[in-house]
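Chain IDs A, B, C and D follow the sequence of writing; residue 1 opens each chain.
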Amino acid sequence: MKIGGYLCTGCGIGDRLDTKSLESVAVREGRIGFCKTHDFLCSQAGVDMIKADMAAEGDDKVTKAVIMACSRRAKTESFNFGAVPTARVNLREGVIWIRPEGSEHDETTQEMAADYIRMGCAEVKAMQQADASGEQGKNNHIMVVGGGITGMTAALEASKAGYYASIIEKSDRLGGVMGQLKQRQPEHSPFQNPQDTGVAALIAAVEADDKITVYLNSTIAKTAGAPGRFEVDIASTVGAGTHAEFGAIVQATGFTPYDANNLPEFSYGKSPNVVTQLELEALARAAGDGPIKRADGKVVENVVFVQCAGQRSTKEGHLSYCSGHCCATSIKQAMYFKDSNPDIETTVLFDDIRTPGVGGENFYRSAQDKFVTFRKGKVSTVDVKGNELQVNFKDLILDEDAQMGADLVVLATGMLPNSGTDIDTMKDKDANGEVKVSVESILNLNYRQGPDMPQLVNGFTDSHFICFPYETRRTGIYSAGPVRRPMDAAQAQTDAMGAVMKAIQAIENSAIGRAAHPRSGDLSFPSFRKEGCTQCKRCTVECPFGAIDEDEKGYPKYNEARCRRCGTCMGACPVQVISFKNYSIETVGAQLKAVDVPDEFQEKPRILVLACENDAYPALDMAAMKRNESSAFIRVIPVRCLGSTNTIWIKDALGSGYDGVVMMGCKKGADYQCHFVKGSEMAHVRMAKIGDTLSTMNLEADRVAVHEVAITDIDRAPKLLDEMVEVINRVGLSPFKF
Amino acid sequence: MTTAVNQAMVEKYKGNFLKEVTDNVEEGNWVKMCMQCGVCSGSCPLGPHWDHPPQELFMMIRANKREEVLSSTSMWMCTSCYNCVARCPRGLPITHIMHGLAHYGKRMGMKPKNQPTEKFGQMFWDNLIKKGRVNELKLGLGLYFKDGFAEGVKVSMGKQKLGMNMMKAKRMSPMEILGGHGVSDLSGFHAMLKKAEELEAARVGANTDAK
Amino acid sequence: MTDVVATNQTIIVVGGGISGMTTALEAAETGKQVILLEKRPYLGGRVSQLYKYFPKMCHPTCGQEINQRRIKMNKNLTVITQAEVSNISGEKGDYTVSVTITPRYVNSNCTACGDCAKAATTEFDDEFNYNLGKRKSVYLPNAMAFPQQYVIDQRIIGTAEADAAKAACKYGAIELDQQVETLDLKAGAVVFATGWKPYDANKIQPYGYDRFANVITNVEFERLMDPHGPTNGKLLRPSDGKEAKNIAFIQCAGSRDKNHLAHCSRICCMASLKQTNYVQEKFGDDGKSTIYYIDMRAIDRFDDFYQNVQANPNVSFIKSKVAKIEEDKATGNPVLHGVNTEGYHRYANQHDLVVLATGMEPSVDFKGFPIKILVNDEGFIEHDDSNGGIFAAGVASDALDVNRAVQHATAAALRAVQVVNQVAGA
Amino acid sequence: MAKHEYSYYPGCSSQKGASSSNLEKSVETLCEELDIKLNPIPDWNCCGASIGYAGGGELPRMTLSARNLALSEKHHPDQDVVATCAACWLNTREVQERLNHNPTLKAETNIALQSVKLEYKGNKKVRHMVEVLIEDIGYDVLGSKVKKPLEGLKIAGYVGCQTNRPFGIAGESFENPMYLDKMVETLGAEALTKYDKKVACCSGALMFSEPEKGQALVKDIIESAYDSGANMIVTPCPLCQANVEIYQDDINARYKTNFDMPVMYYSQLMDVAFGRSALDAALNGNIIQSKKLREIADK
């Protein structure tokens, strides 16, 4: 049982550094079992050498390794030894590539390398092998909430992949909104005519599938547990409730049409002949193969579609966003008229026609070909003139006010997501003492942070990430369809498949204790020292994923299958009792303490840099690849997320003679880029309070800087470090050097 | 004939000018496909001289501005350069539609007053019909005298040098005044055109039949 | 040399852009065996050449970093670069895919130390920067390149320069005698995530991309902004290297056009709106942007982004398809001619730089595909049962933005997983 | 028998004593040089040009070209139709395309053609003389015929509209066709490839009805040629040639310019380069003479 050190002398490391002395630093100061050098460590021979040591028997067996070579981003596969705790000491990108050559620099460069080796040795000693917790179970059953086309598609596709699904549908029938439509927009070339909705076929398929169970008239009374072991109470309005267990959840609860009563300017409610798109579907279905008639029985001869009704508008009570499908929906509905009788006048008044892609543009052209008239116009009002309607609008092309008569006006109103309670608003109201939940919860999660999925904007439960649309803040629960984002039927069905993919993945990975993206495959999970815990609940509040509940005694309960291993809880803990086996207060604390802080007379400051491993660290790495120079006084420690930074590290660093601390995390705020959602923000909040600590230590506030750094900041990141050097030049070295 | 046809058309299409254009104007069935990008309007060499550029005319057709469109001078600004046709993203044969609208407006008795291209164009047609081939000299003289004799003398005096140059270069022949080139099967040629005119009139006329 | 195990429970993903990486990773992280084939010498595809994403204005390399780390850590996933599919035979659940691998001339011994590049002297146009700059004949394609291995340009093979590069390598990483190699791989399902290429702007003749230096494309504009790009992130125009402060964006450059691409490329409106933010970011109130458009397609919550740009006094919108561009001889400024159709206003506007919002066309012509699949007139693969176990992911299926492409690619992973699970169950 | 034989549609302006008779003459000479035989369509009629719509409806105008095509089908069944005039070529080709795509129009056209006992089938290839030179003869052969390279001539290639749009010459772009430049270079002269009015409109027939508007366009065309350093403009189109050449006096008067820019046909340049006389090249058919070109011809 020993720690093996492996020092690579290739890629110029051996040329630039005194490796003999580094070996001795590793063994004597780092106190590891041995340090071997290799001039090409990542070669097969080098890696085989390490693996042989790890395969050895008895005392010779290497159970932890320190790789002293290049950045952890390089040769990752070669130096991946599975569960064996391994520290990567970055001598290439971290030292020789950012320091200029020349004898005047040799001393500080060598010191840098030596410190990093001390740090690596200290880190690996504090690391434990991470194993799965044993909490996990495997359950191949997916709960699908909502029985519209998104939900039905999800259930059927899950079944096709060999998994079970239960559809929980509130109403007494399957089909959702799509079930109320006459037809849908085309899915295949040449995209010219509306097609069957396919709802009947979906229902038949669902009913015939023995892997699918349907609960109609049902809602969810309670959801507890975690991926792989969700426990759900299903309530029924017509019978007894049920208890069921699921491995993962797909929320496909769809949308509610915008309430057109908010649009009195268009005479909605005043005239039965002003209808929404959904109401027109009812008229079209009622008409069957015959002509579409108004409520009063008159056959429609002249219909006007008003696009963006109550949408894309900053007016009070309107929707700011675009619902995406409405242009194509109006086109489809105009075709209902034109296909039955080409002489019916159909006019679409629009601001922008939004029919993207191949299908969209072909469908638009097809409508023009069928004599649907499109006019770029902004509708101000719709007046009721006896039995007729008059649409008043500004024709934006002819630049004049215009009117049109119509016997039916269709309002293209928007979508409101059925996303349940807004847990963030709930929290806010809590603070004011008035809890007012007007919307019923959908999932009724018994999670500490609230009963439903967190919402992104406008009430939709979308992911905030461009690259990761299925990123979820409730692991194992994936939303799909128009509850996630305004979308049309085709996209909703694709979305259902994507969500099912993620649900299946959650089932498979939770069964073996593997983390979900972005730390996919990570087996480590947080645990805490019960005797030290003060039950302050900060970890349960700050966890960006709502993973942590409180047990009956008030202690945190981690639900590791819900955890994403970012360490924000660890950073939050005021008494530092939370840790991961391979990432802890100690693994970082030991590193920063291992640095050799020169006494003040040497005039060599030491700056601790805590850099997010996702963006800031790669940025520093790529700066090094460009050979952008950095200060020799920095000591960089990558962290899983800046949110995992515990203030104790800052205090320890400053208390042990560091002159400054620079923290680099991702962008926070509304357009946050933090991969753990709130991590960077939490770190910023905590560091805003570090000022008190600094002043009790009689240190200048400037000595701690927190920056938002993006992965492209290859020029800026080294400059930020130089700025700290300048600060120290200005305020002087730390008085805490011994 | 024009007013009668015009009345019949107004009667038949009752405010659906797009349909009227589709049914009766050369390549008019393309008008519905315009998406108002305006590339035609920006491409025209005589652009600034159009009261209503093609894309706007297409919008006016949808807005049922029948009178304004058919009596517009705009279509008569077309030089047949085909820039609009080459660039139109929807493939509209705009040049032909402009010709068609101009011709149709004229047929409906709504041609703009004293539009020089309309006048010249008619002269050209008459000239070519006469012999089957264009007599450039007569066409040129006709052009100079289109606004009356006195005006014509003034214009042709001004063009004297030009004419002399052309004659010197043997690119204009005074002999043409005596008759000049032509097709030999002139009667057949005339019969053919007459038939074509009849067929076309019948087609447009048919469109005026009551529903 | 390439040692790959594949069975009819293997999923082959063709194309290593963000869609292909997503399909491959989602399947591999569910425990499936996946082989990811990429034509270029590195992963990341088109998005790796973008500076920022709309609407968050975050960096594509950020997600790429995470995806590449996921790939490095996943033993179910094999990546083969410089690989193209030359043939497919068989049926759903039992395909044989022939793959042609062109030589990189550098093996996995490469440590990316860069010594070989120091020995190289010849420079070639840098494809990664859309030929706006130069790169060496021996090169790392970009800072994020995965695999992190240098590449030797085929054009110097057989020259003394190649020998010099080989001599410079201390790690035996350079193999100048590598040959084209063909592999036959079994697979249960094949996912085409072959993505898109920017429409060839030379074909949009009225805009003079081939004649005027200061007419560039939107993808080139991204490279100008990138700190890794040819101008180190400065907005300098090509003709004279001056800062381009007054920029025109021409929408539907090649899209929604019978003469070019009949479809709407979906992304270009948002891309230009995003790029007006770049101009603002660089020059503040000195930067002016003008968008010439037919319809602004800022769909769903993107409309909020559009509204924010509309509120920016430095950005103007003109509803017009620009008719043609001429060049002002004295200044080299492009002059845009056209008509604002909202009320018929004729313009002749001078700008420092014109950015053509060129659309996307499928990067692979599936017309001559060796096995029957349903391809529409626009060249995209349409989903159909008759395609068997062959699926499209991302832009191979339609013009999509990144978010929707990834969504689609995740769904495609499920389709492939369904096939191999059925094979496993049978 | 000649190497290449075509069914030829001369058009009204090419006739003796008409405005592009010099084009006709120079093409005749060119055909002798290249062993091309042009067989005129017997009893052809006017194509209606681009201005016929004021008087003629769609069908009568279509019938004009249909008659010519039917005559060619009848008399020269195996020969492509070739025209030298841009409008003649465009109208003929366009009518054929439109009739072939519109069964109603085609049927009606054939009814009208019964009056002249002809039937239109629509199976002809309708080509411009320039296409014949590029596709059937080729730049290499043209180059090999050059005896007197046109050294010292700096030529702006003015393609104009109707030889260029909507059909154009295969492989050339609408906005920047290069074939005239290539021809000019083949003949040993300097091609001003950056000439930026090469596809601008000369106003066509509107020069007659709207002279002010027309001359404004032509002024830009000539001015840009001077700016490019040209001492000559070359064009394939008779109306372009006439419009750009013959109004220079008027333009000089109107705009106080000093234009004196020769405007030649490609065929004239070829004739001279191939060693033919000024007379054979119909140089005297131009109002503004190029001294340099004449010197080369007279050499």
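FYI, a contact is a pair of C-beta atoms (placed from the backbone, for glycine too) under 8 Å apart; a residue touches a chain by one contact, two chains touch by 3 or more.
The structure displayed is predicted, hence computed values, not measured ones.
The chains in contact with chain A as well as with chain B are C. Chain centres computed from CA atoms place A at the largest separation from chain D. Legend note: the chain whose CA centroid lies nearest the centroid of all displayed protein CA atoms is C. By count of C-beta pairs in contact, B-C exceeds the other of the chain pairs C-D and B-C. Here the spacing of chain C and chain D, counted between their Cα centres, is 45 Å. Here the CA centre of chain A is 65 Å from the CA centre of chain D. Chain B and chain C have centres, each the mean of its CA atoms, that are 50 Å apart. Once the centre of each chain is set as its mean CA position, chain A and chain C turn out to be 24 Å apart. In chain B, the residues that reach two or more other chains under the touch definition are 35-36, 56, 83, 86-87, 90. In chain C, the residues touching two or more other chains are 206, 256, 319, 324, 341, 344. Each of residues 353, 376, 397-398 in chain A touches at least two other chains. Chain pairs that touch one another, listed by label: A-B, A-C, B-C, B-D, C-D. For chain C in complex with chain B, the residues that touch the partner chain are 206, 252, 256-260, 294, 319-324, 337-341, 344, 346.
The part of chain B that touches chain D in the complex is made up of residues 26, 45-46, 49, 77, 79-83, 85-87, 99-100, 102-103, 106-107, 116-122, 124-126, 128-129, 132-134, 136, 140, 143, 161-162, 165-166, 168-173, 175-176, 180-181, 183-185, 188-189, 191-197, 199-201, 203. The touching residues of chain C, when paired with chain D in their complex, are 205-206, 208, 210-211, 324, 326-327, 329.
Contact residues on chain D toward chain C in their complex (touch as defined above): 173-176, 196, 227. Residue ranges of chain C in contact with chain A, taken from their complex: 18, 25-26, 29-31, 51, 53, 56-67, 69-70, 72-74, 109, 111-113, 140, 143-144, 148, 170-171, 226-228, 232-233, 256, 262-266, 295-304, 307, 319, 341-344, 376-378, 380, 382, 384, 398-400, 402-404, 406-408, 410-411, 413-415, 417-418, 421-422, 425.
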